[in-house]
Amino acid sequence: MVRYAETDQMGVAHHSVYAVWMESARVAFLSQAGLDYAEIERLGYAFPVVSLEVAYRTAVRFSDIVRVITRLDELKSRSLGFKYRMERNGVPVSLGHTRHLVQDHSGRAARIPEALMGFLLASKVDEELML
Amino acid sequence: MVRYAETDQMGVAHHSVYAVWMESARVAFLSQAGLDYAEIERLGYAFPVVSLEVAYRTAVRFSDIVRVITRLDELKSRSLGFKYRMERNGVPVSLGHTRHLVQDHSGRAARIPEALMGFLLASKVDEELML
Amino acid sequence: MVRYAETDQMGVAHHSVYAVWMESARVAFLSQAGLDYAEIERLGYAFPVVSLEVAYRTAVRFSDIVRVITRLDELKSRSLGFKYRMERNGVPVSLGHTRHLVQDHSGRAARIPEALMGFLLASKVDEELML
Amino acid sequence: MVRYAETDQMGVAHHSVYAVWMESARVAFLSQAGLDYAEIERLGYAFPVVSLEVAYRTAVRFSDIVRVITRLDELKSRSLGFKYRMERNGVPVSLGHTRHLVQDHSGRAARIPEALMGFLLASKVDEELML
């Protein structure tokens, strides 16, 4: 449900909030794939965002239920990408895309560890998150 | 100065915050061009964001001074676009782009009013905002 | 679930976010009482926050499930107050309180309309929201 | 300057944002006292917020200039407190208060190190931050 704090004085959800929703949806995607992002970070890895794209088609408003459908659309040895489709009542309102590098304990770019790669390879399906 | 609240547990400014910085820089750009965005809205117009792109090169951290250089890079009768270059100590850390439609009192897409267009046409220079 | 974007570089949910959670919990409270806050605003009323208090006992972290228990603890003709207890795994982590004025179409302080008052009087029970 | 992203659909700065402004003002207060909060954290210390209070008198709006005057109003061996007065055009719009514990490398409550205490004792004056 779109939070009141997420609205702006135009009376709609502020455009910066979509990146936060996409992040929550990505975490849910990884979770259904068997990857707990909190655990990934405890293991010393991170998937920092290197690019973000959002196309806004229809504004959403306070208390709207937004569904985010997430798909892994790129999986390389050192990077990954996700596509997001945001819907309200089954109607697309926004499309998003993020690309991520893989970072290891040293903070430097790294290969995705084998164990994680296995989960990601097995996960290429849509995952939904209701906000 | 990057705010503490803008950091996340990776120890860097969260990627969603860049859209907020770009917005502040855009408002500053319009202001130097003679266009007070608060006044534009009081006149019944708005420039809602229809697309957002951000490329993250180097992370920025709490208390870093970020400079945003904004350029109007598209100006049509019904839409406009801005490019943003974010720097720390003169070194680019991120690039951004936004496209905007023009909306009138009715909330529908509209032509940019002549008066505003004049200011925008006269403004095609870089404008800086220190955060 | 605590969002990644809600964390700060201390590795915990930033203290400002609790006000947002309390707001979502308040909206849920009003909703179970039969009051849709979006509808209240469409009718020209609003309950702006005039005071906020939060006591932080234990930090919460990314991906923690936070439960907010909300109680209406003050109901006057022109103001209302809510208490909030935030819990993780049944253990209290934070307490909050907000007071609100009632505002009418003109933006001025007003009496709570009879119709809304009826719902509020009938609602004095705890309501839970899972974040 | 109040950011557009900081407004909500009531057309005013959202009440949760004041905690962020107070934090920035606190960082500025510490800075003028000779204490760089980023450096304090690098030394292994932190001043987590244990309580927050905000009283909202007059709403502020997009593009308003808000001045935050910060005072250290409590200084014990293991905790400290700050008072904040937010003004617009010299008129108070909000008052705030935060209390903080001192945390050391282990994440446990600690005494304020002598070196920091010296700076804090010498700093009991108002400090202003323009937002």
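As written, the chain order gives the labels A, B, C and D, with residue 1 at the start of each chain.
The rule we apply is simple: contacts are C-beta pairs under 8 Å (C-beta built on N, C-alpha and C of every residue); 3 or more make two chains touch, one makes a residue touch a chain.
Keep in mind that what you see is a predicted model, and the values were worked out from it rather than measured.
Asker: I want to compare two interfaces, B-C and B-D. Which one has more contacting C-beta pairs?
Answerer: Contact tally favours B-D.
Asker: Is the contact between copies chain A and chain D built from the same residues on both sides or from different ones, judged by whether over half of the numbers are shared?
Answerer: same
Asker: Looking at CA centres, what chain is most distant from chain B?
Answerer: C
Asker: Using Cα averages as centroids, what's the distance between chain B and chain D in whole Å?
Answerer: Result: the chain centres lie 27 Å from each other.
Asker: Any idea how many Å lie between the Cα centroids of chain B and chain C?
Answerer: Chain centroid spacing, chain B to chain C, equals 32 Å.
Asker: Got the chain C residues that touch at least 2 other chains?
Answerer: If we look for residues of chain C contacting two or more partner chains, we find 4-5, 9-10, 12, 16, 19-20, 23, 61-62.
Asker: Spell out the residues on chain B that touch chain A in their complex, using ranges where they run on.
Answerer: 9-10, 12, 15-17, 19-20, 23, 41, 46, 48-56, 59
Asker: Spell out the part of chain B that touches chain D in their complex, as residue ranges.
Answerer: 1, 3-5, 19-20, 23-24, 27, 36-38, 61-63
Asker: Which positions of chain C touch chain B when the two form their complex?
Answerer: The contact residues of chain C facing chain B are 4-5, 7-12, 14, 16, 61-62.
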